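Got some structures for you, see below.
Shared chain: subunit A. Partners: subunit B in the first complex, subunit C in the second.
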Partner chain A sequence: MKYHPVTLVTGLVVAAIFAAMLVCFQVRQTEVAVVTTFGRFSRTIDKPGFNLRLPWPIQSVHRFDNRVRNFERKYEQVTTRDARLILIDVFLGWKIKDARVFLERFGGDQMMAEERLEGILRDAKNGVVGQHPLSDFISPNPSELRFDAIEKEMLASVKPKALENYGVEVVLLGIKQIGLPQSITEKVFERMKAERDQLVKQFQGEGAGEAIRIRSEADLRRDQILAEAEAKATVIRGNAEQQAARALRTFEQNPELAVFLLKLDALEQALKERSTLVVDTRTPPFDLLRTPPTPATSK
Partner chain B sequence: MEQNIHRKGLVNWLLLLAVSVAAVLVARYAHSAAGLVTSAFLGLGFLVAAVSYFQMRLEHRERMEQLEFDELRRTASSGTLFAEPAADTFPARRAREQFERFIVPAFSVLLFGLQTAGAYFLWRLVGEDETPSVQQGTVAMALNALFALVLFQFGKYSAVLARLERQRLLRPQAGYLLLGALFCMITAAAEVAGWAGYPHLDRIVARVLLGVLALVAVENILALVFEIYRPRLKGVAEHPLYESRLIGLLGQPGGLITTAAQALDYQFGFKVSETWFYRFLERALAWLVLGQLIVLVLSTCFIVIQPGEQALLERFGQPVASRKILNPGLHLKWPWPIDKAFRYETDRIQSFTIGIEHDEHTEHQRVLIWTKTHAKEEFDMLVASREQQTTNLVSGEQTVPVNLLAVNVPVQYQIRDLEAFAYHHANAHELIQRLAYGEVTHYLVSVDIDDIMAAGRLKAADDLRRRIQARADAYGLGVRILFVGLHGIHPPVKVAPDFEKVIGAIQDKEATNLYARAYMATNLPVARGMAARTVNEAESFRLRTVSAAIASAERFTNQLDAHAASPEVYRLRAYLDTLGRALGQTRAYVIASTNQHGVVTLNLEDKLRKDITDITLPPAKN
Partner chain C sequence: MNDAPETPPQPPPADAGPPQAPEAPAPAAHAPGTFEDASSQALSEALHSSFRVIKVFMIGLTLLFLCSGMFIVEPNEVVVKLLFGKPEGTGKDQLLQPGWHWAWPYPINEKVRIKVGQSHTVSSTTGWYQVTPEMAAANAQPQALGYLRPEADGYTLTADGNIIHVRATIKYRITDPIQYAFGFTNVTEVLTNIVNNAIFHASARFTADQALYKEKTAFRDAVIARVQEKIEAHEVGIALEPSDVETVAAADVRDAFEKVNQMEQARSSEISRARSYQEELVNTALGQSNAIVNAGLVSSNRIVSGVQAAALAFDDQLPQYVENPRLFQERLLAARLQRVLTNTNAKFLLPEEFSELRLQLSREPESRESTPIP
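Presenting the complex of A and B:
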């Protein structure tokens, strides 16, 4: 079997690549690496770049993400200082500060690290929430709200423990969600319903009151208008009397005649319709019936 | 040479064992379906090699035995003693014959079972495979190429040896080695395809390879059946039952080409296989392969960034100082693995929604109402309440001064600073969601429910956007919050009817109000009309009174004149005139008696005039 030179070259190149793969490794910007020799710590590489190593199984390289990782686990029930129950969910961001400690504590398992951090976080959550009344969490007055302070206190409680025990720096912490346990939620719903009911009643009352006000105002204005008109009419009537009275002065020239004529008018008016008049013969002109005129010649 | 043959068999056997174990590990590591099939195939090859190795050992021992026997016979003088060799003179031959008669067919059956089972289970497994990451793919590619190279070298050597030395037992091993090399090469190619952006090719390749495996199984069972009816001739070297002709053919297409070339030689009358072109092709093949590899490496020197994308350039993992970020366009870089680029879709607007879990079904609903859920799950958020908190005196338990509100807040954002985005946080997208959720919570616990549900909504959305942006900046996320919408704020479904009742009550109030106004609207004009009538009546009274007064005054002046002429006569005339006029229509009784004591009875029931009731109707005629 003859080896072709090109085949040989190709083989050598491939062999070289594999040899290189055994002794070289890169550390990315986002990574931190720990090199161990026969399982024992040799060095930490926290600067990105090209590095050399002894081949496996002499040296091994453990790489970790050195960026901030955030996680949240439990939406958990805790008690406030004024003995109220709330549910609180806190997220936390951490990064590897000391890769060697991190490797030794967790064998590089991030999930395990997060579980441990979760433990510390729960502790801090219970401790800090227990020092604050509910009004620090919920208040319509933003100046009374102590959200930021609570987050800072939790962070301050978690940070040193994580760094000391796990080689991990807790960079950020925030409250994601707060809520109430189911039983209290029901009560809140009840209260909200009552509150809405009260509003309904209030609006109904306001509506009725307003209506009464408007109606009475309408009545008032109507009466006012009518009264004014009445007054005006009275004045007019008085005025009429006054003007008519001026005409009466004419009758002063012969009051006796005037009275007589008025009497006649009244008489005529009275006898106009369906009246029955009973008179005796002394009433002129019926006196003629008593003394019928006799012709002068017959006298 | 004879000595060496079974040693070669042993080497091949061990090689197949090592490579198949390594191939399994690589395939599991890189989640490569094709790799898994290849390793299964190599494992079967290992079994075949084991059996053929045993057979070689047996044949070797048989030959040794024959040599010893011949030697013995030559040294013995007359040969009467051993003229008739006993049946147990050749234990090695007997062992070989037993082996071929029982073990080989049994192994063939076992092989068939394994091939079928392997093909079936792997076919099912292929469907569940996940796509590998780039780094895993690269490693798998390189290792498979290495396996292919090693297997090919040994396989080629064994094949040539088998042909030259007429070693039939080396043939199946060579076949498996060569086809294994081909499989490894195909697997590596599938990884390259996955790396180049066709990850689904891996599964297709795996299925094709499984098809080959199934074909081999079919061939195996056919060979078994034919073996039963095969005429047994003495002196003809037997084909090993477990050798697959298909594998031999697929693994050594060269054999096919040689046969074809020989056929061509025969047809044309001259040696085509010795023409310059044929020779050139044979020689240049290695160059061509090498050239392709170089092109592959060179192609990693160029990178095209699509519009809307940006990429981070790293040299040995370190950001390249002057060109940390590559913008859309064509860029030159050092070949992989020196320079690596990581693409990000920086222009894409990413979005998520706080407070609900999307539901496919309700997504298509056109009408959204409070009393029906809009999403799979709605989370009730706490909202402050201005109401004074009240204490229940009996139980001492305070009611919580909070309200609950279902929200649906879409947030849209974009990567603004790629460096910050990619290098500061491992799971930046999740962080944005969490902090945005936190800000919404923070905001809601500080506002009154009625404020936020009504007028404050637009301002609230803007406030929230600013707060989320500030927090994201504080964490160095490098994103721009484009939009925060508060359009989905509504009371939880349980209390929504009560909220609707309040709105109903407001409408009712409005209606009552309007009815009252209508009452006012009708009554006032009527009153004005009545007032006008009153005044007008008074006015007309005045006119009548005054004009009547004037008129009677006028008449009286005239009457005075008449009276002055003859007072006595005027009076009488006036009196009689009036009486006469008045009595014209009046019933008058004149009592002509002067007797003061008599009683006059008048019947006043007499009608003054006849009216319609006095008409007597004629009786109806029957």
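Presenting the complex of A and C:
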């Protein structure tokens, strides 16, 4: 029997590939692997790369996805410390921390692991929510809110149990949803409507009242301003009269002349603009028209 | 094959080309043996042909295997090349940039493509009302039922214990492709829950009025800040881009909220009008105040200067008056009457004796008619 060299090389390559498949394996960046020898734990490989093993059935390799997995389950009803019924849903992110424990507890079944996690999570949720009143979950006062603290308490409750019992690390936990039972939403809507109606009435009265207050304040302010101005003007005029009074002492030298001069000024001022004058002939200088001057007087 | 029995006639060698047709029929005594030889020869030839095809196919496969290592990284992506499952290189060298690259076929090398150039979007799933495709197409809102079904209707609880609908649409781009691709089984699920968490976290500290109307921007900022805080804490490997947060009142109380808003608007308008009145009135009063004070000053000046002038005139005229009071008075009176009579519009001189005087005082009917009627 003659062997062709190409056939021989091909056969050798194929045989080498099969042999390599039996003794070599790789662990991906996203994986962690457990090597067992005759079913008993040998070692954990948590670094990615190329690895060797004894061929099956001596050694077996169990690979698990080592990335953070999201986990969430039911939107469940829980009672707060102040006996309020709320619905709460919590999500968590978990990854395999101890692959050996994980393999021994679940045989690599991640669904089974999540079922167990659900139990731990439910216990933590009920326990923590039961220790807090509703005002710790929702409050307009930031100092009263315990939203973050509640999440931390739940995480602190879940994390050690998951790691110790299942080889699982819970890396994140958060409240996904908070709600109220259906019957309570009905009551909330009724309350909200009542509050809105009250606000409507309040705004109706408030608007008119506030407007009246502002207008009356404006009127008051205007009167104050004008009164102050009048007072100021009066003071100014008073000062002027005072100064004038000092000047009037001059007139005391001859009151008769002073009165005469003031009357003349008053007469001129009174008939200054667009006046109509009705006089008879006895009024000087029109009296000149009544009696012709005599020669004696003309002289 | 070469191990075929060596019986005459010898079959042609495998590389001898197609078999030649026999030149003369075989003798009848040799008929069975000849038939077997022909069968063997045909089988051999068929096997040779098959091996030739397989050889060509193998060579082709080998070439294909070698060429399959060529790949292109597109402009909007990076590729991480795994060597036996481990990323090649360190730091930024782990990321193959756009262009031609080569890798060994799997399982030696593995290529992981990550879309880093495009913006990704994730939306909350828990705070919004149930939307059917028909409602989404018509942009319709749900009918008020009087209650909400926890299993179907999403909503959040506000700080004042009210119910509102919130939907956050967060946009992001990948900044750490290694962490993004290898850190989480399903990043979108994790991000969705982080966004869900953020809308409840923000709702817990804003009242319904604040979240819906008065502080919408602050509410949106609170949601985004919470998402940012969480993605940094959990090293998701992304950076947020401008995102959107919507809030609406539940269908059952929407009308009530609208009514409050209308009343609040009316109240604001009324107050605003009153403030305008106040401003106008006070400004006018301030102007009038200035005018009053100025009038006072003018009056003051007039009084003082008038009296001072009169005093000066008095001093000047007193000696003449003392000299002949009657003549002085007559002279001054005549001079002043002259000015007065010159300035008057009309002058009526009555006779010395008259029985009746009638005055028509409406001298200027035109100006009265032109006076505007208040």
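Quick note on the criterion: the second predicted complex is superposed on the first by the 195 of 299 C-alpha atoms of A that agree within 3 Å, B and C clash if a C-alpha of one lies under 4 Å from a C-alpha of the other, contacts with A are read in each partner's own complex, and residues count from 1 in each chain.
Definition applied: a contact is a pair of C-beta atoms (placed from the backbone, for glycine too) under 8 Å apart; a residue touches a chain by one contact, two chains touch by 3 or more.
What you see is a predicted model, and the numbers here were worked out from it, not measured in a lab.
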{"item": "Contacts of A:Gly11 with subunit B and subunit C, given as first, second, both or neither", "value": "first"}
{"item": "Partner chain in contact with A:Gly108 - subunit B first, subunit C second, else both or neither", "value": "neither"}
{"item": "Touched partner set for A:Pro133, first subunit B, second subunit C, both or neither", "value": "neither"}
{"item": "First, second, both or neither for A:Pro285, with subunit B first and subunit C second", "value": "both"}
{"item": "Which superposed partner A:Leu226 touches (first subunit B, second subunit C, both, neither)", "value": "both"}
{"item": "Touching partner for A:Pro181 - first (subunit B), second (subunit C), both, neither", "value": "second"}
{"item": "Where subunit A meets both subunit C and subunit B, residue numbers", "value": "1, 6, 10, 26-31, 47-50, 65, 67-70, 72, 91, 93, 134, 137-140, 142, 145, 147, 172, 174-180, 185, 188-189, 192-193, 196-197, 199-200, 203-204, 206-208, 210-212, 214-215, 217-219, 221-223, 225-226, 228-230, 232-237, 239-241, 243-244, 247-248, 250-251, 253-254, 257-258, 260-261, 264-265, 267-268, 271-281, 284-286, 289-290"}
{"item": "For the subunit A and subunit C complex, residues of the former touching the latter", "value": "1-2, 6, 10, 26-31, 47-50, 65, 67-70, 72, 75, 87, 89, 91, 93, 134, 137-140, 142, 145, 147, 171-172, 174-183, 185-186, 188-189, 192-193, 196-197, 199-200, 203-204, 206-208, 210-212, 214-215, 217-219, 221-223, 225-226, 228-230, 232-237, 239-241, 243-244, 247-248, 250-251, 253-254, 256-258, 260-262, 264-265, 267-268, 271-282, 284-286, 289-290"}
{"item": "Complex contact set, residues of subunit A against subunit B", "value": "1, 4, 6-7, 9-11, 14, 17-18, 21, 26-31, 47-50, 65, 67-70, 72, 82, 84, 91, 93, 134, 137-142, 145, 147, 172, 174-180, 184-185, 187-189, 191-193, 195-197, 199-204, 206-208, 210-215, 217-219, 221-223, 225-226, 228-230, 232-237, 239-241, 243-251, 253-254, 257-258, 260-261, 264-265, 267-268, 270-281, 284-286, 289-290"}
{"item": "Touching residues (chain side subunit B, partner subunit A) in the complex", "value": "142, 145-146, 149, 156-157, 160, 283, 286-287, 289-290, 293, 314, 316-319, 337, 379-382, 384-387, 398-404, 422-427, 430-431, 434-435, 437-438, 441-442, 445-448, 471, 475, 491-492, 494-495, 498-499, 501-502, 504-506, 508-513, 515-517, 519-520, 523-524, 526-528, 530-535, 537-539, 541-543, 545-546, 548-550, 552-553, 556-557, 559-560, 563, 567, 571-572, 574-576, 578-579, 581-583, 585-594, 602, 604, 608"}
{"item": "Subunit A-facing residues of subunit C, complex", "value": "2-3, 55, 58, 82-87, 107, 110, 126, 146-151, 154-163, 182-186, 189-190, 193-194, 196-197, 200-201, 203-208, 230, 233-234, 250, 252-253, 256-257, 259-260, 263-264, 266-271, 273-275, 277-278, 281-282, 284-286, 288-293, 295-297, 299-301, 303-304, 306-308, 310-311, 313-315, 317-318, 321-322, 325, 329-330, 332-334, 336-337, 339-341, 343-352, 357, 359, 363"}
